[in-house]
Amino acid sequence: MNTWIVATVVAVVAGATGFFAVMRGAAFASHALPQGAFAGAAGAALIGASTLLGFGVFAGAGALLIAWLGRRGRHDVVTALAFVLMLGLGALFLSMSTEYAPEIYSLLFGEILGISRSQILPTLLLALVSLGAIAVVYRPLLFSSVLPEIGEARGIRPYRMEIAFLLIIAITTTTTVPVVGALLMFSLMIAPAAAARSFTPSPWRALSLSVAIAVVTIWMAIVASYESNWPIGFFVGVFGAGSFVIARTWAAWQRRQVTKTQEVVVAGAG
Amino acid sequence: MSVLGGVIAPGFFSNPIVQTALVVGGVVAVVSGLVGVFTVIRGQSFTTEAISDVGATGGSGAYLVGVSALAGFVAAAVVSAGVIEMIGLRRPRGRDIATGIVLGAALGFAALFLYFDTTHTSTTGASITILFGSIFVISSSVVPTIVGLSALVLAIVVVFYRRLLLTALDSDLAAARGVSARWVGLGYLLALSLSVALSAITIGAVLGVALVVGPAATALHLTKRPGFAFALSGLIGLVAVWVGILLAYDSYYWPPVGRGWPVSFLVVALIFSFYVSVHVATQHAFKKKRHIETDDGESGPVCH
Amino acid sequence: MTQHGPITRHREEVLALAGVSVWLGGREVLHDVEFSVAAGEFAGLIGSNGAGKTTLLRVILGLQERSSGEVRIAGRDRTGHSRLIGYVPQKVQFDPDVPLRARDVVALGFDGHRFGMPMPSRRRRETVDQFLKAVDAARFADARVGTLSGGEQQRILIAHALAGNPRLLLLDEPLANLDIRSAQEISTLLARLAREHHVAVLISAHDMNPLLPYMDRIVYIAEGRVASGSTQEVVRQDVLSALYGHHVDVLRVHGRIIVIAESVADVLSSDREGVVTHLREGIGS
């Protein structure tokens, strides 16, 4: 039962955050931050602190680092280096500790079937913070993501929005990674949102659909993982990709329908 | 001599593992640095990361079925690079999203393979090695392969140099000049995949991106002239790897004593520090010259 | 050196610059710029690339610091961003997959700068519809904005700018990537909006010819200096030569104006071949 509650909450947050991540083309940061956060968890494990705290601290620090370094110059290189460093730190911490494979494995790939009661509350709280933040910055973030120049002229500073956005990803990361694992959390974020936008041109509906697809994806992944004993991360990755492919195919089919109608009209008129 | 002795722990140069590491690391660093310049210009750091992770998946899969992990890695890397190139040549944002989705699926498989690996065999070290790698684990029998592959990458870069540069800087112009985009594209793919594979061997799949992209980005911060950038990039990579190896060897004496720090981490830390210091230094110089803008509104360095 | 147009009595100045200079990278990019645009006026900021147009626009928008001078918007001195300016930048590209309809873009112009999520209300929807109608974009209001043509997207951006209830509409090279017909449509639209909504419109362009039928005022910029007034007053050999600091030829050929400032490369006309033909005909070879 715990599993279902936590999983749904996590999917909702991932879907909502993913909407903006895809809008801003921040696939990389979405991939990098969780992996960097993993270093935080490893470090925390090393000193015996709460892994959740380790996640949060490193995710937050990573977000600020990416924002600061990315301020002028290539965004993608900065992201790459920042998070690779954090992963390297993770490797360092791991090598120093004697705990190895099981802990790492669950951090990287998620351990949803082993969610305990005590995790529900923190997850819920973090999710509320994340969703609250998204609700507050929804309009200016949307504005700045699509029309950055005009937004700047209106007083919406792109840098501030970038920081806000990265911090939201950091919070989402901290919420989601314990469930789905560092390597695959971003799949739950990106794939549903990317699929949703192909189905509807309305931003609000795209957000909602993104959440819906994420929830369905994780439910299916839980069932599949329970049945086969295979890692949940595998199913999230594969189902996510599947929904994306379905969405793109549908969109392409739609375009063909429109072109066909146009051809008919032209033929009829000619 | 005593100062040098203080920096370099005893037995460094005579240690055969270290010798292998220096040779392999040096060669890979230079070659990756060269390819990396193109990658950074094209803004494909994420693609590199994706290729690396997909390669790791391929490596895990190959290992599971008893095939050479390296072969699996390279094969997966080349295929994924091809797919990514085909998906999006124009729209960088669309390409990134598609890359991310492919990566997600591939990592899912990686999760699966590693699960099989840990449940069916008792060695858990293998997965960690593939992901995080250690140059000290490379046996000397693999060295010829590595050197051979590096030479291949070097050959591709040298042969296609002009055309690669042109395509990276301005694909429209390149097409107009009749540069055969497809051959160049394929050559670049191969070079990139191989570099990624080689870097993965050196410092692990997860960290390999740093070796390809980091020195190149640092070099490009320092100079706009291509020839210079290549040289600098290779040099920075080389220094990072060699010093990293040295420090890793020395770290045997650092706390926690007797363990040693992972060389992968040290190399990455060095690359990162170089990048940040150059970044900060150039920003400072920039601020002194004030916010330079040309009159059609584009600001200084190219933003992604 | 600047010149003013004749001061009309009941002129309500929405935008007024005085003594504005800007130093960038060690050189003076704008020198002592002075001009004004009144409500309902359609003004063209004409200059070749590199003359200082974009810098000037950025100064007005508060995105670029000025070394001296005043920028007054609706009578008040401004430095930072102003809600009274509706801005349409030069190269706005919409990703074809972006989940935004035309009406959503316009809605952003209305309240996109405020925090929080938009509450669907009739008033909001009606306001958006009204602006869509004003730019004749009602028929594709629900289309995905990334799939619209260049001209259609331009309209939406203008509606977006209007939705913020500005006193000044500022457009950076709006006609640059449009075909002739779309360019004419946009120009007509802007002239109409200036009159009907009583806003000042300032658009920048490197070729004055498409705008000649619509401009109430030309603000000609060259070498960082500006001359402002009607086309007859400003586009003359003596005025422009003073502006450029050296001899300049102004040709009026087949209803087009061609300014030859330096070499053929500097010719202010988008139709280079046509110029050569015209020159030959004019010289009478």
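Order of writing sets the chain letters: A, B and C. Residues in each chain are counted from 1.
As a working rule, contacts are C-beta pairs under 8 Å (C-beta built on N, C-alpha and C of every residue); 3 or more make two chains touch, one makes a residue touch a chain.
The model shown is predicted, which means the values in this text are computed figures rather than measured ones.
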Quick check for you: compute each chain's CA centroid and the global CA centroid, then name the chain with the smallest gap between them. A
Looking at C-alpha means, what's the farthest chain from subunit A? C
What are the two chains with the top count of C-beta contact pairs? A-B
Between subunit A and subunit C, centroid-to-centroid distance (C-alpha), Å: 41
Chain-centre distance (mean CA atoms) for subunit B and subunit C, in whole Å, is 47
Where the CA atoms of subunit A average out and where those of subunit B average out, how many Å apart are those spots? 25
Give the residues of subunit A touching no fewer than two other chains, as numbers and ranges. none
Can you list every residue of subunit C that touches 2 or more other chains, as numbers and ranges? 97
Numbers and ranges of subunit B residues touching at least 2 other chains: 93
Hey, which residues of subunit A end up touching subunit B in the complex? 22, 25, 27-28, 30-32, 35, 69, 72-77, 79-82, 84-85, 87-89, 91-92, 94-96, 100-101, 104-105, 108-109, 181, 183-184, 186-187, 190-191, 194, 230-231, 233-238, 240-241, 244
Give the list of subunit A residues in touch with subunit C in this complex. 23, 135-140, 142-143, 146-147, 149-156, 196-198, 200-203, 205-206
Please name which positions on subunit C make contact with subunit A in the complex. 61-63, 80-81, 83, 85, 87-89, 92, 94, 97-101, 104-105, 108, 111-118, 142-145, 157, 160-161, 164
Which residues of subunit B touch subunit A in the complex? 40, 43-46, 48-49, 92-93, 96-97, 99-112, 114-115, 118, 124, 127-128, 132, 204, 206-207, 209-210, 213-214, 217, 221, 256, 259, 261-262, 264-265, 268-269, 271-272, 275-276, 279, 283, 286, 300-304
